[in-house]
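So that you can tell them apart, the chains are marked A, B, C and D in the order they are listed, and the count of residues begins at 1 in each.
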Amino acid sequence: MGIVLGDDQYGKAETRVVRIYRDTDRHEIRDLNVSTALRGAFAAAYLAGDQANVLPTDSQKNTCFAYARSHGVGAIEDYALTLADHFTQDIEPVTAAQVAVDEYRWERVAVHGVPHAHTFVRAGHEVRTTTVTVEAGEAGEAGEAGGRWVISGLRDLIVLKSTGSEFAGFLTDRYTTLAETDDRILATSLTARWRYAGTDVAWDDAFAQIRQILLERFAVLHSKALQQSLWEMGSAVLAAREDIAEIRLSAPNKHHFLVDLTPFGLDNPGEVFYAADRPYGLIQCAVGRDGAPPAGPAWAGPGTFC
Amino acid sequence: MGIVLGDDQYGKAETRVVRIYRDTDRHEIRDLNVSTALRGAFAAAYLAGDQANVLPTDSQKNTCFAYARSHGVGAIEDYALTLADHFTQDIEPVTAAQVAVDEYRWERVAVHGVPHAHTFVRAGHEVRTTTVTVEAGEAGEAGEAGGRWVISGLRDLIVLKSTGSEFAGFLTDRYTTLAETDDRILATSLTARWRYAGTDVAWDDAFAQIRQILLERFAVLHSKALQQSLWEMGSAVLAAREDIAEIRLSAPNKHHFLVDLTPFGLDNPGEVFYAADRPYGLIQCAVGRDGAPPAGPAWAGPGTFC
Amino acid sequence: MGIVLGDDQYGKAETRVVRIYRDTDRHEIRDLNVSTALRGAFAAAYLAGDQANVLPTDSQKNTCFAYARSHGVGAIEDYALTLADHFTQDIEPVTAAQVAVDEYRWERVAVHGVPHAHTFVRAGHEVRTTTVTVEAGEAGEAGEAGGRWVISGLRDLIVLKSTGSEFAGFLTDRYTTLAETDDRILATSLTARWRYAGTDVAWDDAFAQIRQILLERFAVLHSKALQQSLWEMGSAVLAAREDIAEIRLSAPNKHHFLVDLTPFGLDNPGEVFYAADRPYGLIQCAVGRDGAPPAGPAWAGPGTFC
Amino acid sequence: MGIVLGDDQYGKAETRVVRIYRDTDRHEIRDLNVSTALRGAFAAAYLAGDQANVLPTDSQKNTCFAYARSHGVGAIEDYALTLADHFTQDIEPVTAAQVAVDEYRWERVAVHGVPHAHTFVRAGHEVRTTTVTVEAGEAGEAGEAGGRWVISGLRDLIVLKSTGSEFAGFLTDRYTTLAETDDRILATSLTARWRYAGTDVAWDDAFAQIRQILLERFAVLHSKALQQSLWEMGSAVLAAREDIAEIRLSAPNKHHFLVDLTPFGLDNPGEVFYAADRPYGLIQCAVGRDGAPPAGPAWAGPGTFC
């Protein structure tokens, strides 16, 4: 049986672009980690070591920096779309481009209560993300050649409820020793990614709204399990925004075990916990919308390649 | 448009199982990181907080430990298949189970040149991996209900060639500043995963052979680019083993930049390099076999969910 | 020459204690990483394997949890002092105890603008720290037997100024290629630790004040180098608080290099930067007070042992 | 009371120098992470922002690269001494220099059983280290002005004994719940640093011998506790080499807990363990030699500053 080249892609990962806007004395900062990946007519590079079609990853890096100056960096979705459009339109062998951007948040340092004009402090672990996929060709419907997809999201959003969570009534087998509980800590480090149905979106506003919905639903829901919380969070996002086609959520259950203090003559009414590292539960679900446009190649990419 | 639950899975991630074999004074060690993921009739847990079908992730963890005693840990592929078969056969709501295992390598400490019977030192960064997917139902062909798939691999295999690598003749655009080179350092931290066509395999021997092929092809090939190296490495594996259906390779190009020493009155004939962290090229390709059985759900899993 | 046992210490590191206060519906959370280290009459454990004087590290861990219930966790300095007093007073062979605590910050999730009673989101990378050292014996002056020292601080406070920083007029040698600049980005991930002169301190207020002084001085100072910024930050803390004996600051210079865009026909007036990982400058200084009580063993500890 | 500048130092951290020796077709590689720190007449930089005495950290980085070409990189101790001598002799304001080097190990890839001439694979987690301290002035006795000190070592040497370790007869208090054991897994990730009495040493041979002694003593000793193992390992090094003045060892007790399988009807005779992450015991001790030359400033440095 013949041995054949399958999927392939290449690009420059983790270009750390920092863009300062200094049009006035009050500076703005955009702090990004940019990764590009190209697909196209690159088989000869693999099969014969022929680079004639291969735009160096170094050039892709240069493009990320140059576009940050020539086109600016607004919302990361716009920046990524502009880059992906460039690669598919201007680089002949490219049939599809994917640009992924992580954004790190900064807050202004307050001096005597007044936000400072050009001094910032990093805010939170949380990272805002986007992955844009563009296919070469005439702009068509998503899913056809010429498609453009935007998946945005966040990761490392660490949240915790100190009550309002239970876990009971579960299936048991011969390896089950877990006791039921009607009051526990529920904590996770949330990854969420949502696919927009189109690209005519006020990206920054959308991100802020979706993040807030996720937090509020997590807070308000009395949770019978992390599964239920994820569904409620995801479906609330879709209910609030018609322009979201689907959302995917991945949530490690960061276990906080109630410490048994009875050997020391102490009770422990939900007050002292041991925060464990590993193992952890890992709960994942997708929430979609009937009739939404297809995802095409939007979810695939370097991070899922192997 | 209706909002609906899409894909979902849950399990226990990163259970650190260490298995000592002490049947004789010469102990053996298997040091594993085990993750389980179940799919099946779990919608009620999401939609209604009903856990009646949900086997706790804590029970899955217990099962990993118990099976390490009752069934033993031989090759990680066998251990993972046994666990996945158990979940799909014995836990009613489960329609598919995926078990992923990382194995850390240990070598015996030599005492006066003699390998010690029960003292070990961790060998290498490199991790051996497997991901086993089993569907409930009568054992059928791969790709049908009752399918069983094994994807094995390695990651963090850091290799470097100090010569025998070039990069020239590439496509240029207005953002290209890179110079051609006919002699550079080529280094990567390889991730490789290969899918077996079946499950009747001498796993440990296969792993050792494939790892060696990957290393030797990387060493021997005069590389015109990392793309060519990956193709040559992957196709050599498929040429050597009929039981491999496909292999996927992901290779960051860990750039080593020749330092310009001319400001200090020194030449630098390929001797002093700066090893950069970020950004890095990222080259990925799959090598397949015509007519191989289909991969079904084998490549999907918790790590690619979102 | 004789071979002799020198310094030694042992303890339990990184016990992850989470304490929930739920006296009212509005819960409070303290999220801690606690490490203990004991010194004393432990030579026989090293020289002869005799554990008669060795309180297991497991017992030390249990004590951290039990005290979180029986004595509570207020300011981390009080919690650490209480633990260290216990070890030195109640465990016969112990001559000195050191307890180090990291605290992770949480903020309340806002629901419709109202802070939630029991749902929290992790705030910032930044970690609040304390290291308490207590010697057994009658409470005496700091530096004598019976001394008690408190060093508090913070780490991973990532700050950045997009202007207001220069670097010029420096010493040059034959290996100098750096150009002078009168406008650059200045960024660091600050570690600061300050030693209190005594233990009668409103710890939480002191921490908040000192953190704010560090941020404000960093923001307001037009910096001629990171060295100057550190001195100004440290001396401002000592000027504001008579109860601080000294402060030590460690600051990696997280380089942001202005990208040369001229090959692409673009200028770059301080707008597009490349954020580098390694190497980085590392600037460290101590600011002290004449006549302050001596530090004794307060700065030494497990993290500096070897 | 007056506010005064205390200790200060500055330098360039983590310059990643890779040196290839290609004098013959059989290449050699030295893969280093180099950090420099200077002390001297730098107060004006802190107090007044005056850089006239400050050699940029960028120049220090350049020096590391240039010296790798002009002076070569042999043993890391020689390379670090040469750099530290340069800074103290050639840079006027410098009164003391410290150069720390980490070295990553590579092994040759075997091709048909023959070690390859220019292809290498990274070997082990373990890092070889050195920290060299040199004071300006006429070469004198160690401890005087003009002193030169070499502390070498290793870290991340992960070792495990599957038997031959016990822990019993320990002190108990009201918080003790740990059971005694006469057979357990003993595992650690060793950091060891030893100070040479002088600088006339065959560094590579010394390193290899000391590493082997540490491994063999760990293996052979029936251990009554990690404390005893450390003492035996350290004192064996000093017994074997008169040129070692002292050795310091730091060893996290990487707990492997025997899993209780009785709920599942299984025994567990030392076969199935759970490898825990945190908390961990941390055991540290120094082994010295009567009459050894003093350590002076050799143990202090950037890593212990605050």
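Keep this in mind: a contact is a pair of C-beta atoms (placed from the backbone, for glycine too) under 8 Å apart; a residue touches a chain by one contact, two chains touch by 3 or more.
The shown structure was predicted, so the numbers you read here are calculated from the model rather than taken from an experiment.
S.K.: If you fit chain C onto chain D using only Cα atoms, how far does it have to rotate, to the nearest 5°?
M.R.: 180
S.K.: Taking each chain's centre as the mean of its CA atoms, which one is most distant from chain A?
M.R.: D
S.K.: With chain centres defined as C-alpha means, what is the inter-centre distance between chain A and chain B in Å?
M.R.: Each chain's C-alpha centroid was found; their separation is 23 Å.
S.K.: Could you please state the distance in Å, as a whole number, between where the Cα atoms of chain A are centred and where those of chain D are centred?
M.R.: Their C-alpha centroids are separated by 39 Å.
S.K.: Measure off the straight-line distance from the CA centroid of chain B to the CA centroid of chain D, and report it in whole Å.
M.R.: For chain B versus chain D, the centre distance works out to 31 Å.
S.K.: Could you pull out the residues of chain A that touch at least 2 other chains?
M.R.: 15-16, 62, 66, 175, 177, 263-264, 277-278
S.K.: Which chain B residues qualify as touching chain D in the complex?
M.R.: Going through chain B, the ones touching chain D are 15-22, 27, 29, 31, 62, 65-66, 68-70, 106, 109-112, 116, 118-125, 157-164, 185, 215-216, 218-220, 256, 259, 261, 263-264, 266-277.
S.K.: Give the list of chain D residues in touch with chain A in this complex.
M.R.: Residues of chain D touching chain A: 174-175, 177, 263-264, 277-278.
S.K.: Would you mind writing out the residues of chain A in touch with chain B in their complex?
M.R.: The touching residues are 1-16, 35, 37, 42, 45-63, 66, 90-91, 93, 153, 167-173, 175-178, 191-193, 223-225, 227-228, 230-231, 235, 238-239, 246, 248-250, 252-253, 278-292, 299, 302-306.
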